[in-house]
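Pasting the structures in now, so scroll down.
Here come two complexes built around subunit A, the first alongside subunit B, the second alongside subunit C.
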Partner chain A sequence: MKTNLWGVGLVWLVAVALAWEWGAHLLAVEFHDPMAGSKLPYLHAVVSTMVENSGVLFEAAEVTFTQAAIGFAMGGLIGYVLAILMSVSRTVERIAFPYLIVSQMIPVLGLAPIVFNLVRDMNASRMVIAAYITFFPVAANTLAGFKSVDDEKRTLMHSYAAGRTTTYLKLMMPFALPPLFAGLKIAAPLSVTASILVDMLGSKNGIGVKLLYALYGGNMDIFWASVVTSALLGVASYLAVLGAEKLVVPWETASGPGDGR
Partner chain B sequence: MSSAVVDQHNPGPVQTPFGIDPSSPIGSVIRIQGVNMVYPGRDGHETHALREVNLDIRQGEFISLLGPSGCGKTTLLRIIADLLEPTSGEVLVFGVTPRQARMNRQFGIVFQSPVLYEWRTVRNNIRLPLEIMKVPKAEQEDRIDQQLDLVGLTKFANRYPHQLSGGMQQRVGIARALAMKPALLLMDEPFSASDEFTREKLNEDLLRIWKISQKTVVFVTHNISEAVYLSDRVVVMSPHPGRVSSVIDVDLPRPRSQESPEFFSLYTRIRRGFEGVYHQP
Partner chain C sequence: MTDRLKNFLWPLGFGAAFLGVWQMGWFHALLGLAPFQLPVPTEIVESLTLHLAKTLDDCAVTVSGALAGLVLGSALGFLAAVVATMFPKWGYGGLIVISALNAVPIVALSPIMNRWFSTGMEQKIGVVTVVTMAAMAINAYRGLTSLRPFSLDLMKSYAAPGSAVFFQLRLPNSLPGVFTALKINITSAMIAAIVSEYFAASTSGLGFGIKDNLRKAEMAMGWAYITVASVAGVILFLVIALIEKRVLRWHTSQTRG
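Moving on to the complex of A and B:
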């Protein structure tokens, strides 16, 4: 089953690569499009640019990714704590939840300069924006998880005369791990995107800066190499969360008769 | 408080460690007097889930609460377990209120569905109440091994619940309740979701476990032959309003054969009692 999945993944990867090459070929050779190089350059050309500039790209990517990761961790923690507070107290939920939704209505593009003006530090801005993007899906998913704990499972805790803390530690928190990870999986690539966005708002380093300079300078090879690098960062962040989930939520993936929950 | 329960770990004859109410009959572990459960309805009509229930449950007996749905058998069990509070009447469990008995962890409950925590292995599901009761680690392992052996799941100790069949899951639920070493076991239609063959096997196992552990068992069921097969006494309940209509002693020697004439005559007697119930308008 596992090898099968890898096989499927490989087939897809090859298919996408072939489609890309073919599309680039169509643009450049069949349609004689003068802008082919910027619309869709050959994949092999993009890959070779990435290899040639791997040092510079990696350095830039590292800056962006590290800040995104720190912001993601902070946002995740804040979201989780918010979810606990809202599940403990109906009042807190009633007061806080509408504001949480409103917070997601503010475009990050408008928010980022405000944050930068406040903290006056590029790294801190990246983290704050990444955290801002992360906390909501984590809080909303985890809260929904807490709320969907079955009554019978609670009754069992009640019959053991378990206190609130014990009930949270032994029932609510483990029960809500799968929805927590669902939130984290949504947030991880978004936090990378947020970090790249902040790069573009006048940072000196980061993959977003490479992207922007290449675009202004008309250096399409570097531009595409940066775009692919950014995409890879998003994928890497997702896979990292997926890996953590496999470790922390082993019962979901354990095979056997029946279909889990 | 809980240390008294913890210390009580020899599976020999159970001495009730908590003082029995001197006014109750000798050996009575549960005393139910004049219990009413009334739910106010939308149109001002009150629903009598239980009316004037009186019952004494003796130490070490296997007693069934039998009746059709709506007779209040589960309600009565939940009142004993302090999961519901009666509208009026008095309930004493080991001479104290159900709430206190719950706080002292004096009973284990087995629910209709297994209610296992899917993130815990079989072993750790059985461990759950022991962690909460703060049983020392080494003793936890001993008790878990003992219960796994008793329910025949030693080989499945490290599986997750979804990797087990329904019958096996229910056994884990029983092992989890027994691991607390309660003097009283409350069971709410525990095998009603199982097929006939699994149910018979589980019933045999339950009797074997009951004999070894000598606990008092209160067993809710709607299955007449199950009640007759298992119980020392069958409390026959009827609905509208929920009440005890008769208490029948089952004086048949164990193991009981469901095909014996004595078994059949008892079964028929209880069944006839219900016929009136169903033909009511």
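Moving on to the complex of A and C:
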């Protein structure tokens, strides 16, 4: 079954690549679109530009990705601590929970330019915004995980005379790992997006800057190479979390969030 | 004091205290900010009331773009889920390809759409459509395929035609997932629309308003736009939650709680 799925995925990838080439061909040759090179260049052209400029692109991507990862880790940690506080103290939960819910309804990335304006330092604002975006899904999902622990399990721990710390370490925290990873999986591509957005708002380096300069300079090959690189960064961040989940929570099947219960 | 009242008063008190501290300038002292960098709440409210008509116009532009893209993207995503249900072996792999779209940063999509479409509204709708497609495809697919045990066998034993299986079994079963996706999508649609406006050819909309006012160093006005965007996001989310409550009255997820 597993190898079968890989095969299917591979066929799809090839199909998408062929469709891209064909689309570019249609645009350039059949429709004689003068903007074809910028609207949809040939995939092989984009790939060869990426290979030619791999050094520069990798350097820029590294800056963006590293800052996103640091912010992601900070936001995840703060969110996790808040979830623990909320599950320990009813009062903290009363105060913070409504704000957590509302914060999932508002367009948080809209705040990016304001944070950038306040912080002024591009590395710091990349981290702050990535952390801010990671914080909410992690806190909300982890709290939901803590709450879904059965009362009988807690009673059993209590009957063993296990203290609060032991109960959290041995029961609550392992139990809340799958929802924590569900939150992290939502947050990882978002934190990369946030980091790129800060690039584009006026940083000096990073993949977003490459993208913007290429756009204004009319260098469409580099522009498309940067777009594909950014997309790969997003996918890579998701896969990294997925890999970590497989390592940390091997007992959870690959069925994704929201299943079962 | 009853529990209900406590649930209400604690967060309200915290919010009021937060605004009070902000108003008194303690954040400025703490973070070393000048007054012009971070406007206080009264200044924000003042700018908002002064330019209310303009901000509401911009809000209408962004919301209409977000909604149009949401409808288009969700419809395409649902269609993809239906096709994937009909061809299980190949369809699931296709959904994985679509879900890879989820990881593509909005900020990278936005300049591409700027190449393809000329007006700000079209660009916005394009970005939102792509962003909302994946969540709907995956959640709808889950609902269309994870049926209750034996329900499919029962339908078969009735010799029900494929259309009956789809409309009377799969479609109702997919509704909770569809609403989950819509609730995820309404927020991402607003984010995508605003981010698209940062870079698109727009000269209106909340995103343009935020960017333009910050460029002109009208901080209070920028914050006013953020406030309007947040309120709009909450209202849209609540509207979808309300529709969900009405449509899914029969479903256990609604009756249990």
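Note that the second predicted complex is superposed on the first by the 236 of 261 C-alpha atoms of A that agree within 3 Å, B and C clash if a C-alpha of one lies under 4 Å from a C-alpha of the other, contacts with A are read in each partner's own complex, and residues count from 1 in each chain.
One rule holds in what follows: a residue touches a chain if its C-beta (ideal position, glycine included) is under 8 Å from a C-beta of that chain, and two chains touch if they have at least 3 such contacts.
Computed from a prediction, not measured in an experiment: that's the story for all the values here.
S.K.: Give one of first, second, both or neither to describe whether A:V29 is in contact with subunit B, with subunit C, with both, or with none.
M.R.: Neither: A:V29 stays clear of subunit B and subunit C.
S.K.: After lining up the shared chain so the two structures overlap, which partner does A:L171 touch, if you call subunit B first and subunit C second: first, second, both or neither?
M.R.: first
S.K.: For subunit A, which side has the bigger count of touched residues, subunit B or subunit C?
M.R.: Tallying touched residues of subunit A, the top partner is C.
S.K.: If you stack the two complexes on chain A, which partner ends up touching A:V8: first (subunit B), second (subunit C), both, or neither?
M.R.: second
S.K.: Which partner does A:V56 contact after superposing on A: first (subunit B), second (subunit C), both, neither?
M.R.: neither
S.K.: Once chain A of both complexes is superposed, is A:T193 in touch with subunit B (first), subunit C (second), both, or neither?
M.R.: So A:T193 only meets subunit C here.
S.K.: Thinking of the overlay built on chain A, is A:L156 touched by subunit B (first), by subunit C (second), by both, or by neither?
M.R.: first
S.K.: Of all the subunit A residues, which ones make contact with subunit B and with subunit C?
M.R.: 256, 258-259
S.K.: Taking the touch rule as given, give the residues of subunit A at its contact with subunit C in the complex, in rising order.
M.R.: Its residues touching subunit C are 5, 8-9, 11-13, 16, 35, 38-39, 91, 94-99, 102, 104-111, 113-114, 117-118, 189, 192-193, 196-197, 200-201, 208, 211, 215, 223, 226-227, 230-231, 233-235, 237-238, 256, 258-259.
S.K.: What does subunit B use to touch subunit A in their complex?
M.R.: 81-83, 102-103, 105, 109, 111, 113, 115, 117-120, 128-129, 131-133, 159-160, 162-165
S.K.: Once bound in the complex, which stretches of subunit A touch subunit B?
M.R.: Per the touch definition, subunit A meets subunit B at residues 150, 152-153, 155-162, 166, 170-171, 174-175, 177, 249, 251, 254-261.
S.K.: Looking at the complex, which residues from subunit C come into contact with subunit A?
M.R.: Subunit C reaches subunit A through residues 6-7, 10-11, 14-15, 31, 33, 37-38, 89-90, 92-94, 96-97, 100, 102-108, 111-112, 115-116, 138, 142, 146, 180, 186-187, 190-191, 194-195, 198-199, 206-207, 210-211, 214, 219, 222-223, 226, 229-230, 233-234, 236-238.
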